[in-house]
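Okay, handing you the structure first.
A, B, C and D are the chain letters, set down in written order, and residue numbers restart from 1 in every chain.
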Amino acid sequence: MTNTDERRTGVWLIGARGSVATTAITGCAAVTAGLHPATGMVTETPPFATAALPSLSSLVFGGHDTTACPLPKRAEHLAAGGVLPHGLPTALRAELTAADDEIRTGGPLPGDTRTDDELITAFAADITAFVRRHDLARAVVVNVASTEPAPAPGSARLPASSLYAAAAIEAGSAYVNFTPSTGLRTAALEDAARAAGLPHAGRDGKTGQTLLRSVLAPMFVQRALTVRAWSGTNLLGGGDGAALADPAAAAAKNAGKERVLADTLGTTPEGEVHIDDVPALGDWKTAWDHIAFDGFLGTRMVLQTTWQGCDSALAAPLVLDLARLAARAHEAGLSGPLPQLAFYFKDPDPGAPAALADQYAALLAFAGRLRNAR
Amino acid sequence: MTNTDERRTGVWLIGARGSVATTAITGCAAVTAGLHPATGMVTETPPFATAALPSLSSLVFGGHDTTACPLPKRAEHLAAGGVLPHGLPTALRAELTAADDEIRTGGPLPGDTRTDDELITAFAADITAFVRRHDLARAVVVNVASTEPAPAPGSARLPASSLYAAAAIEAGSAYVNFTPSTGLRTAALEDAARAAGLPHAGRDGKTGQTLLRSVLAPMFVQRALTVRAWSGTNLLGGGDGAALADPAAAAAKNAGKERVLADTLGTTPEGEVHIDDVPALGDWKTAWDHIAFDGFLGTRMVLQTTWQGCDSALAAPLVLDLARLAARAHEAGLSGPLPQLAFYFKDPDPGAPAALADQYAALLAFAGRLRNAR
Amino acid sequence: MTNTDERRTGVWLIGARGSVATTAITGCAAVTAGLHPATGMVTETPPFATAALPSLSSLVFGGHDTTACPLPKRAEHLAAGGVLPHGLPTALRAELTAADDEIRTGGPLPGDTRTDDELITAFAADITAFVRRHDLARAVVVNVASTEPAPAPGSARLPASSLYAAAAIEAGSAYVNFTPSTGLRTAALEDAARAAGLPHAGRDGKTGQTLLRSVLAPMFVQRALTVRAWSGTNLLGGGDGAALADPAAAAAKNAGKERVLADTLGTTPEGEVHIDDVPALGDWKTAWDHIAFDGFLGTRMVLQTTWQGCDSALAAPLVLDLARLAARAHEAGLSGPLPQLAFYFKDPDPGAPAALADQYAALLAFAGRLRNAR
Amino acid sequence: MTNTDERRTGVWLIGARGSVATTAITGCAAVTAGLHPATGMVTETPPFATAALPSLSSLVFGGHDTTACPLPKRAEHLAAGGVLPHGLPTALRAELTAADDEIRTGGPLPGDTRTDDELITAFAADITAFVRRHDLARAVVVNVASTEPAPAPGSARLPASSLYAAAAIEAGSAYVNFTPSTGLRTAALEDAARAAGLPHAGRDGKTGQTLLRSVLAPMFVQRALTVRAWSGTNLLGGGDGAALADPAAAAAKNAGKERVLADTLGTTPEGEVHIDDVPALGDWKTAWDHIAFDGFLGTRMVLQTTWQGCDSALAAPLVLDLARLAARAHEAGLSGPLPQLAFYFKDPDPGAPAALADQYAALLAFAGRLRNAR
């Protein structure tokens, strides 16, 4: 429901022309227009009805990207690949064009001679201008760009994801990192966010294999079954598959995937995780997990899972959830990391439980706290 | 750890020469002797250390069965099939023989002319004599017999499982129903148990497909994903496969399997559950589940799971858990149904939550309550 | 390539407005128009280039159906469900409308008082008129209607599928049965076909689980591995799922599925086959197979397969293949059953090999024979 | 059946104390003694009954190894892991001890200062002495050692597997390479084998994933379905898992795995193959394959397979087959590579077909040729 007196909230997406951003923008418009139910959006379920979150219709989208393909065209590509329903990009052309008008060129691009500080200042100015232009109550910056390689140790430069995070702080915006990239996860940036009174959450959205692991691993613990080996293979096309074919990028991703097992099981079982680039799968991904475990008297047993999902369709509603929750946390005066949002992340902020059920309970408690905040 | 002053507790198994009973008796002896860790026994994990449960070494086994194959021989069969470790039946021959000596003939056998009351009295006398013979503090009756067909409506006779449940009450014993058979689930028997001040718990142990469903279904709900269809096939050999090839018996079993979905999802999705008798699998079972669900904007996705486990090895540690918990509940003066033990059952007593995480939390709270009881 | 002098060939589809027929008609037009490659059409591969088959552009479609939804609308439904590419029904509207104009009402409908002979005569007249109207060289009748229940023994009436088969004979047309229904599989009709000099082929198109079984079962035999149990579950939506939820219809289907195992393995292994109606899957089907086999020294091993396909897209190119091959066989003067087409069927005509590789070799040999025929 | 006049045949195993060799030696004795059927041995099926192969009872085992664990003890380990039936190592202790007495120390061991020629001479002397000691008609050398890393280009030394192959030639023995190591696959050694009139066959036994691929890939081709991506993950424990965790060794193995797809499909589809070392699986391996393919009108479909087998139990009967076939080929005067044995190999000798059905036909033809040889 839109409150006519409600001031609008900005959602500034890093990677604003990517699959996830395009799906989030299209989907927000589709749900607002009543064309589709809000399937996959946790913040549209009853427990969040009174948490005073910004309404979907109050969200205004903009962001940074380094590619030029306009959002309406990107949405048509996604519809052709079965990610978006046919006809939806046409029906929502006006909303997509409006969001595309709010996308600014990110960076640093090859050959860019600007220093880190110059880039941060430029990015922050883009965000600030966006907020002013639309008279927004506030904006949330959400990183949904392709995974960047793990930063080289000792590099004098900040990774791009951290430049954007610094810009968010400079612009006075809450920040959410939906990718495994560094983003705000540096001591200096975390201090700066806290000093600026800004909340932030991350990192690495939990949309498939790790989501499953966060419900299955606790089951083994609760039943006192001994996990011997947990192996996994992910097949994904789209941009993410190509990005993660870079071993350095995959390493960042896998660290998050393995964390849930170590945190839950108390030990890291045998087994590897592979991420394969399979362009033929387009935006669809398949994750196979093989779990060898011991039962009573050492009996050997096996659980296998196969998850076949559309990456963007899994991520987009969570991006909208996070933008709303972070904006409301900002409004409510919360600052620093938000481990209460661990439900959404592979590699959550410190202090969060590892089991999905516990993370969900923490999220519900957080909704209650937002309800009672000013 | 055995407390030398501890009075012993009887575990009276209905179906005492079946695979589950044989594995439970063998395994209890193996863990007591330090030959194997207590993998799969929840009551041996830290949260239960102070719940004053009877120690494993204090358990004395007996029971009813209608077959004659002695336990040591049954255990050898299980070892040949890979259910029990090789050598274990030989190492524990004395314990198995001792338990076998405490097995009495059950019924009614074909041609048996005794009335229901006569059978109940005879069974109760067997239990009472067992308690006296070993000077037990108390005994718990646990039904691990083959699933019986759903009782014909309007039958004047009680199903066999209920005769044993009535005998448990008459003998002053707590009662646990690990099968989908009727057992104590009649208004008259529930009243009788309460009047006698006896606790009871049931029914239908949750060891594979339904265990998985009780962690996966909440995930879909918490993530606001719409389950369209949930289909499943179970392949099992052993006695249970043959028993459940009887459509009437399978119907009883499937009712429990479907309950977790209805209770969790709030609706019954499309899809069927099959239970196939595949003798070649022996005591091993394979459960395949196929879950079709909708994500954001109606995108269709699929999760498949394959669970390959040994039925007896999954059930036996839970049977030991339940016997200890029910005995301690009896000692602590609790009576009536124990929905706090829903963690163990497909079709738990009324008032229990459906999600495994919530059931585990309830079980931990129950352990705390036992700790503080006299 | 169309031969401009080529006389056209009729394809008369029983169930002409169903998913398979609609996909076949749409696809033939799309391939002819160069909009799509001929993926899935075996007769468009090099070994068939010189077999003098009627060209795709020479095929004219018509048929019987008992539903009224016109083909262009049916095709739109299939495109919405992802079976046909978006835009294709619109692009081929003229071809679909032309085919729809050639569809006549089948039967018997409820309340129809016509005798079997009257129905056969009426159906044959429809086919004959179609051939004359388009000055066709010949027509092939192909049954792609929903599976009918196995006929009650001793029934005085012919099943509908046999009425159509009799009409094909009366109209002088070759006949192909792509379904498990009876069709021409009666002694009287087989005699009549032979007497009329007409070729026929059947039955029950092999498009998924049985296709896989026909390559996997020979592997076990060739490697001297002992199959202990072969279990399978099929999930399918669409009309076929509903039709096969009728146990009598499923029984007909399963007989074909089991035949390949018995014929290849020389024995029927343990295990069942389930066909579940899951409307949420639409035209998509999933088949899970679990094969328990013994290796050297009795070691137990397992192979599992999961096949996720679109039923109509799997069947349609085979229907076009069969229509072309049967038409050419008719032209070449062949009559009686065509076990050489066993490659396409679950339950082929007598004398056919059971392994797919052998069936493929037989098909190639048949192509060579057609090449050399007049 | 043993022919009492039959001269015995030697089977000289490189890696004679490994899992595969131990299983082959134990299994040969067990089948000879009538303790087990010859499941998995193709040469014991009817088409080979008249090929004049050496009988199983006529085989004498020996070989090289660099480990000291005697065969009876190794067999006990395998029985504990479920690879060999319990009790079998004890029952066949005499046969295992006899074979162990014929095992000589291989090499080069670390610190070994012998030149390649010295090593070849020493190995050949071991084989020659074995043949003389037992008055054997001939011996076949079979490489079943752990996969060695791909040789460094330009190395002056021969890889160990080639030293043994050269020794086989020097000793006048046929040679079979069941591993992906180089073995006889060098121009110089192939020339030498031909000059010596010796047959040889290789390489890399086809026991799981590649076996499946060799039956599934032809299915897609025959059905004109377009394979877009073929991805695979192998989980294996045992020594092989550890050896293949070395990327250089895995590269050798994967080359063979991918060859079957390229040879059959005529193109290499997208997708990778992973080999993970999972010690918890022991001698058991699990291979998951995911095949994305296009059907009619570009419809996207997926086949997945999961193969769970015991590596040694799959390999051992094929090793016995190959030893018998190579010995008989030697006796029959054949020399050079034997592409007729492609049925057994991932990376067969040049000129072999890629589809399993064609390879089986070639094997049967070869059996016929052996039948008619002197």
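Just so it is clear, contacts are C-beta pairs under 8 Å (C-beta built on N, C-alpha and C of every residue); 3 or more make two chains touch, one makes a residue touch a chain.
To keep track of the chains, here are their UniProt names: A, B, C, D = Myo-inositol-1-phosphate synthase.
Predicted model, so just to flag it, every value in this text is computed and none were measured.
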Least step count from chain A to chain C, where 1 means the two chains touch: 1
Chain labels contacting chain B and also chain D: A, C
Chain pair, B-C or A-B, that carries the greater number of C-beta contacts: A-B
For chain A paired with chain B, centre-to-centre distance based on mean C-alpha positions, whole Å: 43
Centre-of-Cα separation between chain C and chain B, whole angstrom: 49
For chain D, residues that touch 2 or more chains besides their own: 82, 302, 304, 306, 308
Chain B-facing residues of chain A, complex: 23, 26-27, 30, 36, 38-42, 44-45, 82-85, 88, 211-212, 215-216, 218-219, 222-226, 294-299, 301-310, 313-314, 316-317, 343, 355-358, 360
Chain D residues within the chain A interface of the complex: 228-229, 231, 233, 235, 269-272, 274, 276, 278-281, 286, 288, 290, 292, 302, 304, 306, 308
Residues on chain B engaged by chain D in the complex (per definition of touch): 80, 82, 86, 306
